[in-house]
Amino acid sequence: MFKRTFAGVALALAATAFIPVQAANEQYFPLQSYRVGPYAAGGTGFFGGFIDYLKYVNANGGVNGVKLTWSECETEYVVEKGVECYERLKKGLNGAPAAATNPLSVGIAYATLDRSTADKLPLITINHGRTDSTDGSVFPYVFPLQLNPYSEVSAIVNWIGEQSGGAAQLKGKKIVTLYHGSPYGKETNEVLQVLADKYGFELTLIEVPHPGNEQQSQWLNIRRLKPDWVILRGWGVMNPVALKTAQKVGFPANRIIGNIWSNSEEDAAPAGAAAKGFISITTHPSGTGFPVLQGIKAQVVDKGEGDLADPKRFGTVYYNLGVVNGILNVEALRIAQEKFGQQPLTGEQVRWGFENLRLDDARLEALGAKGLVQPLQLSCADHEGGGAVRFQHWDGEKWNLISDWVQADRALLRPIIEASARKYAEEKGITPRDCSKEG
Amino acid sequence: MEFFFEVLIGGLLAGVMYSLVAIGFVLIYKASGVFNFAQGAMVLFAALTFVSLLERGVPFWAAFAVTLALMVALALLIERAVLRPLVNRSPITLFMATLGLSYVIEGAAQALWGAQVHGLELGISDEPLELGGLLLSQFDLFAAATAAVLVIALSLLFNRTRIGLALRAVADDPLAAQAVGVRLQRVWAVVWAVAGFVGLVAGLLWGARLGVQFSLSLVVLKALPVLIIGGFTSVSGAIVGGLLVGASEKLAEVYLGPWIGGGLENWFPYVLALLFLLVRPAGLFGERAIERV
Amino acid sequence: MSAAALLELQDISLSFKGVRAISDISFAVAEGEICALIGPNGAGKSSLLNVINGVYQPQQGLIRFAGRECRAMRPHDAALGGIARTFQNIALFKGMSVLDNVLTGRNLKRRAGWLEQALRLGRAPGEDDRQREAAEQVLAFLRIQPWRDAIVGRLPYGLQKRVELARALAAEPRLLLLDEPMAGMNAEEKAQMSRFILDINREFGTTVVLIEHDIGVVMSLSDHVVVLDYGRKVGDGPPDEVRRNPEVIAAYLGTRH
Amino acid sequence: MLYREAGQFSVRYADDRRFFRLRQGRLGLAALLTFAFLGVPLLGNDYWFSAILIPFLVLSLAGLGLNLLTGYAGQLSLGSAAFMAVGAFATYNFELRLPGLPLLASIVLGGLSAALVAVLFGLPSLRIKGFYLIVSTLAAQFFVQWALTRFGWFSNYNSSGVITAPPLQVAGLDFSSPAGRYLLTLGVVSALFWLGANLARSELGRNWMAVRDMDTAAAVIGIPLLKTKLLAFAISGFFLGVAGALWAFTYLGTVEPHGFDLSRSFQILFIIIIGGLGSILGNFLGAAFIVLFPLLLSNLATLLPAGFIDAGQLENLQKMVFGVLIILFLIKEPEGLARLWQRFRERARLWPLRY
């Protein structure tokens, strides 16, 4: 019996290794999605929104007549599965070349970083990833679009300053950052310290061990410190538990600011009443009012072709992030087509599109995404492009926006990013591109 | 000093939550000598089923009853499909089998009910309670009371009923118990079912604390050191072990954390358990067997 | 006590959690003799063997083996000193072949280190051959070569007993402790096992201490009999003498005093 | 008739000690190695190297490491991933901080560091028996992961705690292409399997099994328990450490401490349960199974009409099937795939005649 199983495995693998090649007027998106495992809530929302947007573009004639195709490979948020998926899907599908990969996982992004560069296939890490990959001269194929982790905390500090009546008022304020005990959680500690030194606020860093389902001692500590604000840098189960424990020790939810991965319905709702008043940042507000979401609703979801298993999640934070991600990918494609012709493009050509991605208010208006996507301009040196967030607060049922776009202090962060990128280049023996010569 | 007591009390109450999971382990270990790693998966399964039923409009008590019935059915199935064929095998083999079992249950729970995160409200407010300047959590007090009721109910079950007598006989000497007419399979089934019930209670309380989701099955990792310290065979050991682990890990986090770095709660209980084992190799309440050759 | 004593026990007492298993037992075993420990169940015979090779540590008393004196043995020291044994309930390595079981018995005869062996360097290959040779001799001596490659756990009981003896013998012991080597055997098997024990004693000069219930076998096999009852020694001497000892008779017939 | 043994006699003890007593077996192994070293690099593609063959080899090695400890010496461990992590991070640091040190030397030193850590957490094994020991190995699992995340020094103060592969050069040759990484992995794994198989059949291997089967009896015949157990931990740790270094550098090219979490330890345990406890061959079979089975399932699903079964359910199904298989193997065939293979070979020996 087992012999037969192995024979079967070999056959099936052989079948995938030799896909018949036929030319088609299609552009392919390899999706390293995750719909099970501990982070499934994020995966199903994000990839649901992404796929629905691609369907929406197709329903409107594709990108200048080029149809979009995609196929999924389940990663379960596990690095080696992500790598396997990458290797399996990178060649394209039925002759349609791959445009870019969007793994939505720091671990997978790191593991496919070198491969992406070698294979000349853009790696999109929207709102996450290596901060120093913002420096496109060292990381030509990596794009931490919209918001890297440093910008994230800088924007939060700026907003706290605004709330206190100006940055000068930050002096002497007490801010606690409660972070997930993982590389992701620690990533911003250094920069927070830089900001604390600059603005003179008192910073306390408190770690919550993974997965974060027990935070009693951390919150008792916070209660004792009586901070003005708590920045919650959480992930998964840590977020609702943080809110519940805050309530338990009597710390007000409206003094807690969730970061970009603590900002979804799935983070707040399980905490029930304890979450009421919780504030978080977002680059992708929830809601169904944006014209582009109405379009998706009319042309995809209402036709029964929506990707979400649970239709109630339409317009939620993760779903909208998927839509935003779809918009950015497709726009990059469109811009690249202007240069390389209206046909399926190679990853290298798509990369040019990303590097020259520019979304101003007029374009966003035309896309029906004003307020959903921030104005953005990328370049060879700057692979992030935006660096702004909006603030929202949880009323117990849903998120409500409470601010317009708040900018990060990107000029302050840039030297730190460049230094880190330089160190990486040295370690790896990379000669950075000269961005002044890029067109 | 006030802060110290707050941390201590918070730790003790968190420890009660660990004990709740550990009790399920103890029951199964006593009856069938199995170290049931799948207990965490059972907690997840119970909570997920309950919450999903609730969300589909089933009333609270009906959902409770249906979930309980499902847990019992699951327990019977495990007894028949896993335990019986593995009878007389080494404890390590049994342990590995329950590892496999936890995969099956986790997979099944998610296949049935999906992977979303659910909120669970038991209707217990968790506004903090100030008592003599000390902060107390209503919810944790409620959990502690539940645990107390559970322990009393269990001890009544074991000491006052026929099945309890049979269980104690089996725990003492399975062969002798069989010889005097105790039906081993029936005892196992009952115990697994009771463990399923304990899992349900633990699942509800933990679910209300954390939200019902995948990582609920990770509570098993918190229960393990509790068991080691308390001994595998003693319900009161599980309680004491839980209190000890809860209190010490919180105190360590608060007072040791600043020195060697925070976030040590994951490994601290294990190191504590290890030290305990070096002093008392069979736990606080277990007895060391004399080796006969 | 004779000067030629290989093993000497002095006032040994052992208790488990306050329950006395052995009280104040002293006796000596001369080099080259076969000594039998007899007595009813629970008399402390196995415990005494366990004390001799260090599985149990007595609370009181002295053990003198091959001229060296100590309060308590440790299993490893006992093995180093040349004490080998078999167990009442066979304690073979059930997952291993007969040959491998016997080879484990020779682990103290090795000189090559583990790394040498793993890399097959230096002394290892030659030594492998010599150990194998020695093991083969033991297998031949006990006539179990045909089962050389069989997994021990799958062999019948009588053969397992013999393999266990082979493993003990492979260590080339000075003192061999046998805990009921003939338990559960039929008359024919018992006769064969007795033969082996006598041969071991004669050919290699190995001193033997054995526990046996079959009085007939004991009387014909042993040079020296020690009788235990309720953890005390009630008789000690040549078989004929012990047979006539009234206390021994009482112990065996059950008339208590 | 293929497997005819007639006329093949062992005339020296050394003949008997060979891995394969039969000429067919030896020829088969030689053919397999030739194919693996020469054939595969010519025939394979990136996908096969990067997604199948390299992880398969590395996991086989990790399986061997755990098998020596659990399958041979009988000490259950749930900390395999921690020892892999130590190997990976130590190798990285040796490479980083001792410039000019050859890559292979760094890997060996990384393995030795893992061995040291393994011994440390193996120390309680003398006093703690059976599955009480999992506490010690779990302590290792959680502590190592915490320490590697906690102290930036280990990852050279990378803000994300992620380490990336040094240049893969051995003796001046560059091994960074997929085929090169495969060959490098294959070379290291083959060498260590040779060593592991030798160990398992040496006196130390017998002592391990003796301790596993009956430690009192082992002590009585003079096997030093502490030394034997600690050597099992050390050698297992070494193998796992090297496997960790390969995992980080020839397979993924990068790794964070979280990549060596408890589920990785479970995965390695499953490899040896499915492959066969106490078997050398079983590590390959188990690793092959664990790498190929999920791929088979997901590939089969792509052949089905779209929407027939969604990826999520497939993953749940896979998880359940894994669990069921573990239980089935433990019930029906505790010696795993290796035993099934052995049966198959015994039948092949008689083929075409039944008796």
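As written, the chain order gives the labels A, B, C and D, with residue 1 at the start of each chain.
Simple rule for what comes next: a contact is a pair of C-beta atoms (placed from the backbone, for glycine too) under 8 Å apart; a residue touches a chain by one contact, two chains touch by 3 or more.
Everything numeric here is computed off the predicted structure, so don't read it as measured data.
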Output for shared partners of chain A and chain B reads D
Going by the average position of its CA atoms, which chain sits the greatest distance from chain A? C
Report the chain closest to the protein's overall CA mean, measuring from each chain's own CA mean. D
What is the distance, in whole Å, between the centres of chain B and chain D, each centre taken as the mean of its C-alpha atoms? 33
Once you find the CA centre of chain B and the CA centre of chain C, what distance in Å lies between them? 47
With chain centres taken as the means of their Cα atoms, state the distance from chain A to chain D in Å. 35
Between chain D and chain C, distance of the C-alpha-averaged centres to the nearest whole Å: 41
If a residue has to touch 2 or more other chains to count, which residues of chain B qualify? 110, 115, 261, 263-264, 266, 291, 293
Please output the residue numbers of chain D that touch at least 2 other chains, ranges allowed. 146, 149, 216-217, 312, 316, 319
Among chain A residues, those touching two or more other chains are 35-37, 40, 44, 181, 209-210, 309
Spell out the residues on chain A that touch chain D in their complex, using ranges where they run on. 2-3, 5-6, 8-9, 12-13, 15-17, 33, 35-37, 40, 44, 71-74, 76, 79-81, 83-84, 87-88, 106-107, 110-111, 113-115, 130-131, 181-184, 186-187, 190, 209-210, 309, 420, 427-429
Could you pull out which chain B residues touch chain A in their complex? 3, 6-7, 10-11, 14, 110, 114-121, 126-128, 135, 137, 139-140, 209-216, 218-219, 222, 249-251, 253-254, 257, 261-266
Using the touch definition up top, name the residues of chain D that touch chain C in the complex. 12-14, 16-17, 195, 198-199, 202-204, 206-207, 209-210, 212-214, 216-225, 231, 278
Considering the complex alone, what residue numbers of chain D touch chain A? 45-48, 50-52, 55, 146, 149, 158-162, 164-165, 167, 251-259, 288, 292-296, 298-300, 302-303, 310-312, 314-316, 319, 337, 340, 344
Residues on chain C engaged by chain D in the complex (per definition of touch): 53, 55, 75-76, 78-80, 84-85, 87, 91-96, 100, 103-105, 107-108, 110, 114, 117-120, 124-125, 128-129, 132-133, 167-168, 171
